[in-house]
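Below are two complexes that have chain A in common, paired first with chain B and then with chain C.
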Partner chain A sequence: MKLLLPYTNEALKLIKKTRAWIGPILIFILIMVAFPLTVELSSTNLSDAFYPVLFISILLVMMLATEDIFLEDYEDGSLELLLISNKSLSQWVFIKIFIHWLFIGVPISLLGAFFNIGANNDLNSSLMLLPALGISTYIFLILFCFGNSLSLTKGSVLGTLITLPLTLPILVILGKLTSAIIFNINYFEFLILLFGILSIIIFAFPAIISRIIKTHLE
Partner chain B sequence: MESSYLIEARQLAYKINEVKLFSNFSFTLKAGEALHIKGSNGSGKTTLIRILCGITPATKGEILKKDDLVFTYLGHKNALKTYLSIRDNISLLGLSKNEDLKTLLTSLNLQNKLDVIIANLSFGQQKKVALLRIFLSNSDLILLDEPFVGLDSASHNLLCKFLESRLNNGAGLIYTSHISAGIASKDISID
Partner chain C sequence: MLREILIIVIKKFIHQFASPKTYFYQVNRLYPWLLYISLFIYLFAIIWGLLFTPKDFVQGHSYRIIYFHVPASFVAQSLYAAMAISSAVFLIWRVKLAAYLARSIAPIGAMVTFIALVSGSIWGIPTWGTWWEWDARITSTLILFIMYLGLISLHNSFNNFDKADKLLAYLAIIGFIQIPIIKKSVDWWSSLHQPASITISDKPSIDPSMLYPLFMSMIGFAGLVACLVILSSKVQIYIREKNKSWVKDHV
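Entry: the complex of A and B
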């Protein structure tokens, strides 16, 4: 139970700060609903354009979701207390990102898969897309958190600019994975590649981010 | 360092952007002693406290601490979540199950405000909520940066009484304050 306390604390903070997680989800829904309404495309073209729009909107929403992820704790002094306590700062970063993924990444992945049914009329491709969305939302969250930690006291624009190039390879892999889903070839190779990237950065980046935050506090 | 010493600072110096804030700052603090750091605005009192806490590294000098020294710190920032209620903040700080909590909330006149959002409290009330962390801790050393700012006279007296009782029980205290606390302490100027 004591082990779960940091998770429940972060969840409590996020539950009460509804705009931090409902906002990005609503923006995502708005983009996905507005996209087919604003362009006049045949149904074939619509399904072709669906995946790029889906991935770019996920990228945008994850960027928004992490805009001030560490700022509040930095400004109210919580990070100082965490630093002088015996608790691990990198573990706290890991937990914070995980809870954000749970509240934002998971719903967006589910919604993305749901919208795919509407766009492509294919449940099977949605089921294949779902794990890829789950992994990629987590990767985007981690990368944008890294950017935000770099520009903690300088505003989020600088961090986003630094991080965006890091997200490009993920977008390329997602593009390839889409083709793999459509043509039903090499799907698992791309999924494993995404999972491999996640399994490295999921532990490495919280350690790096915590070091950057510590430097800001000093 | 003698075993009764809680903390010892040797020749501490701090420089920011090539501007020297303070230098050759040394002191020792034994159990049951209080140290009042004095100085004008901008002299580096807060930085010194942060150095003693281990948040900011000193430019020069060293700090020796008693093995397994447990300390609590309250700085200018209250570490409170303004969008949460007092009850939620107490829960986040892990103080909900403390048996002295109820009595303390009554003493601080916060017992009827448990469900009030921190943002809706006055500065002084927010300070009192932040002080709960200090009141309910059982540390060897208490580090406070301007703890009396914003407190009414009743809360001021309560804090002084608490600090005196902790000193009598063998804890150490280091604090900065422009307001006279009436606590028997060694005064040391940073200017």
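Entry: the complex of A and C
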């Protein structure tokens, strides 16, 4: 029970800031709803364009979700308190990212799979898409947290500018995964590749981010 | 005993050379030699490549831009690797000269990557019939260019040099992941760009009459860019060490 306490604390903090987690989800819904309205295309063409729009909107929403993820804690002195206490900063970063993924990444992954049914009329492809979306939202979240930790006091534009190039290989893999889902070949290879990337950065990046935060606090 | 003496001598040499003052005076002595030798090699390679190599069976004379494009692409990626290594040296051993070098490499790297992109686009018109294609190699090189700009922006946004150096070092090391992706992009994805003609493991697929001037142009170009890095690093030393007496004496 004691182990779950930091998770509960972070979850409660995030729940209080409704704008921080409901906002990105609503923006994602609006983009996905607005996308068919903005083009005069047949349903076949719409389904072709669906995946790129889905991945780019997920990328943008994850960017928005992490906009000021560490800023409030930095400004109110929570980070300094954390640093002088015996608590692990990297563990705190890990928990913070995980809670953000749970409240934003998971609903967006579910909604993405749901919108896929609407665009392609195919439940099977949605079920195949769901784990890929779950993993990729977590990867994007970690990468944008890295960027925002670098530009902690300098605004999110700089953070996004330096992080976006790092997210592009993931977008390429997602593009390949789309073909794998459509043609039903090599699906698990690409999913394992995404999972492999996540399994490395899920532990490495919180440690790096905590070092960067310490640099800001020095 | 001999081993211990050798270790002490190496450590002393590294320690001395890691001092900005020693580096400054050493590169001042090296600079004219490097500049003139590199310039000679590059001009020799360019004249050899443009005037004395046969024309390509498929591309005709347009392939001769290879003596400009390939060295620029090679150096653009190598500079990033050098910057990542400098950053790692700075973070691990706290060698401040390594941080100065990383910062001074960034604008030169951006410039060389831009040259690689522009020369590639010019080569694309007669070869592919288009100056730009959203191809794996070209796009990843564009990303490298944006990475360089991002690194410069990040460093410039902080007034505290120590903090800026550390943040740049973290980003440069993480961004290094892009380099193998750029390198292998032509093998991993179906690409309009041709696969690498020169690899370590295989025999070069390019004819020796074109290969030798290409090698020379790469060496000469790398030397000229190294001269620019030296100049840029000297500017960094002037800025960072401006309060030191030896800088004041030198100026």
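As a convention for this text, the second predicted complex is superposed on the first by the 218 of 218 C-alpha atoms of A that agree within 3 Å, B and C clash if a C-alpha of one lies under 4 Å from a C-alpha of the other, contacts with A are read in each partner's own complex, and residues count from 1 in each chain.
Here is the rule we use: a contact is a pair of C-beta atoms (placed from the backbone, for glycine too) under 8 Å apart; a residue touches a chain by one contact, two chains touch by 3 or more.
Just so it is clear, the model here is predicted, and its values are computed rather than measured.
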- prompt: When the two structures are overlaid on chain A, which partner does A:Ile95 contact: first (chain B), second (chain C), both, or neither?
  reply: neither
Query: Regarding the shared-chain residue A:Lys17, is it in contact with chain B (first), chain C (second), both, or neither?
result: first
- prompt: Looking at the overlay, what does A:Leu60 touch: chain B (first), chain C (second), both, or neither?
  reply: neither
Query: If you stack the two complexes on chain A, which partner ends up touching A:Gly77: first (chain B), second (chain C), both, or neither?
result: first
Task: For A:Ile25, select first, second, both or neither according to whether it touches chain B, chain C, the two together, or no partner.
output: neither
- request: Could you tell me if A:Glu218 is touching chain B, chain C, both of them or neither one (first, second, both, neither)?
  value: both
Query: Between chain B (first) and chain C (second), which, if any, makes contact with A:Asn9: first, second, both or neither?
result: first
- request: Jot down the residues of chain A that show up as touching in both complexes, chain B in one and chain C in the other.
  value: 218
Statement: Interface with chain C, chain A side, in the complex: residues 146, 150-151, 154, 158, 161-162, 164-166, 168-169, 172, 208, 211-212, 215-216, 218
- prompt: Can you list the residues on chain B that touch chain A in the complex?
  reply: 50, 53-57, 71, 73, 75-84, 88, 91-92, 94
- prompt: Which of the residues in chain A end up touching chain B in this complex?
  reply: 5, 9, 12-13, 16-17, 72, 75-78, 80-81, 83-84, 217-218
- prompt: In their complex, what parts of chain C are in touch with chain A?
  reply: 136, 139-140, 143-144, 146-147, 149-151, 153-154, 157-158, 163, 166-167, 170-171, 174-175, 177-178, 181, 189
